């Protein structure tokens, strides 16, 4: 049964990938990228990865498309056709594909319960989650507690990427500097999208909060919630103009969210050390170790959500502000 | 090797094909944004491989249901790795796009060969 | 029975993908992307029932809420582009 | 008895919805120009969505899942026609003429792409 879905979805995935690479209009390529992301999320879902599919949905449907479009409107959306032979590259990647396909025959087949991946530490995680944390979502438990160091590292990478974008785009462009035109947003004149959009924004933010705080019990967590809330604010910026969105949530607040989220995550770790445990060992936070774990996970998930939401919005505003300058 | 077993490898083959499509775009396209799109396709292929590995036959997503005994769960560990990687992927993609925007402001083009000629 | 429904949705997704690849105008492609998004929401809901885990409907809910943002962003970008092109022509 | 009736009813709704979706998909591919294709898309967006979701709600019974399904249906019914409207409006403003007599694929006037 899963094979029917897999054959359909994966074939569409390959066709879309080929079409993306062949498209000469970059705008078309970006639109096909959003189809690619939808297919990827459906694939993740049928392969039992509900959390990953939710992340792909939250990120791929809104944020990626918007950032790509902002960059396109700053650079130009036509790709110049390439002259010269391309059979060398085709030959190289063809041989590489055949090599990888040959290597896959050594891999355990799809869904084999005896595969080495499933023997190592994963069963221990599944078994101990109920004992240590007493909530059902094993993915959240691993993400925030068992492998908390990893997640702290990832949050710092998001933080660093956000700072990098602000450094690169924050400086004023070399030409046409003082021409701040009051560009009116294209969607402002359309009544229906505006009304429906205004109606949707609170629900998007509410759903983001639900994903944030329900992450221990169902698919969700800080990463997904941050992306969903950021998408809601981006929708506001599309409808009301970017300047109004910036007035609603100023840049300082966004940066504060990024820094504060990362600091909250690290701070919980340090507090754990001060209370006699190891770094990010939440059990020592309260007298009851299970409740301590739950409390620690709740706080650091909030930190992750803040950091991701702030970082994505800062990146969006950096691109959009550049757009209104040029 | 019967048909079903061959089909079981289908996910890995698609991973290989998408990976090489992304690599092809990175190698041969001179447009920098197209290169970044190729990079994100490449990245998605790696995600697909990890998620393919986590599937267990007859398993369900690793969220323990109350009152259901003897459930098989798919492997949660690759899911955790990929979940964080997706968000990190978007922010690094934005970093790359920011660099492309700066390059286009300085050189007025985002074609690689024209930039090399201008230098 | 859910399988019949999901296969119908999958076939529709294939048709929408063909329309997205064929064009001919950009609006056709955007329309195809929109149809594709709606069909993904339907497919995810049906699969959640097929797998017997209706608590995973969150995913379909996320897409139902967020999908419009991408379409609106594309339209706004497109309007800006045509306005920019016409202003270049005017100069 | 009532269970059986509900079951049969929900299957009928699901099959009807699936056929609506399929017809819309075929229409989106086969119809001659953009504005006619919009009609096909609206068939899958509204009729197919309502039928399939009501069918699934009857299957789910009274539970949290029904509430979520209702929310998804509501948001799809809000966003789908809005997106289609915005699309049609943008196409009209850019000069793509809805011409009933001419069934050609070629856009008229100075349309971008």
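Per-chain numbering from 1; labels A, B, C and D assigned in written order.
Quick note on the criterion: contacts are C-beta pairs under 8 Å (C-beta built on N, C-alpha and C of every residue); 3 or more make two chains touch, one makes a residue touch a chain.
Everything numeric here is computed off the predicted structure, so don't read it as measured data.
When the interfaces A-D and C-D are ranked by C-beta pairs in contact, the top one is C-D.
Put simply, the C-alpha centre of chain A and that of chain D have 29 angstrom between them.
Put simply, the C-alpha centre of chain B and that of chain D have 31 angstrom between them. Separation between the centroids of chain C and chain D, computed from CA atoms only, is 11 Å.
Averaging C-alpha coordinates per chain places the centre of chain B 20 Å away from that of chain C. Residues of chain A in contact with two or more other chains: 50, 72, 187, 193, 196-197, 200, 203, 218-219.
The set of chain C residues that touch two or more partner chains comprises 13, 23, 26, 30, 53, 55-56, 58, 61, 65, 67-68, 72, 75, 78-79, 81.
Counting partner chains per residue, chain D shows two or more touched chains at residues 75, 79, 82, 86, 113.
Listed by chain label, the pairs that touch are A-B, A-C, A-D, B-C, C-D.
Here chain C touches chain B in the complex through residues 51, 53, 55-56, going by the rule given at the top.
Contacts from chain D toward chain C in the complex involve residues 11, 14-15, 17-19, 21-22, 24-26, 28-29, 34, 37-38, 41, 44-45, 48-49, 52-53, 56, 59-60, 63-65, 68-69, 71-72, 75-76, 79-80, 82-84, 86-87, 90-91, 93-94, 96, 105-107, 111-113.
Across the complex, chain A is touched by residues 4-5, 7-25, 27-31, 33-34, 37-38, 40-41, 44, 47-48, 51-66, 72-88, 90-95, 97-102, 104-106, 110-111 of chain B. Contact residues on chain D toward chain A in their complex (touch as defined above): 75, 78-79, 82, 85-86, 89, 113. Of all the residues in chain A, the ones that touch chain D in their complex are 25, 187, 190, 192-193, 196-197, 199-200, 203.
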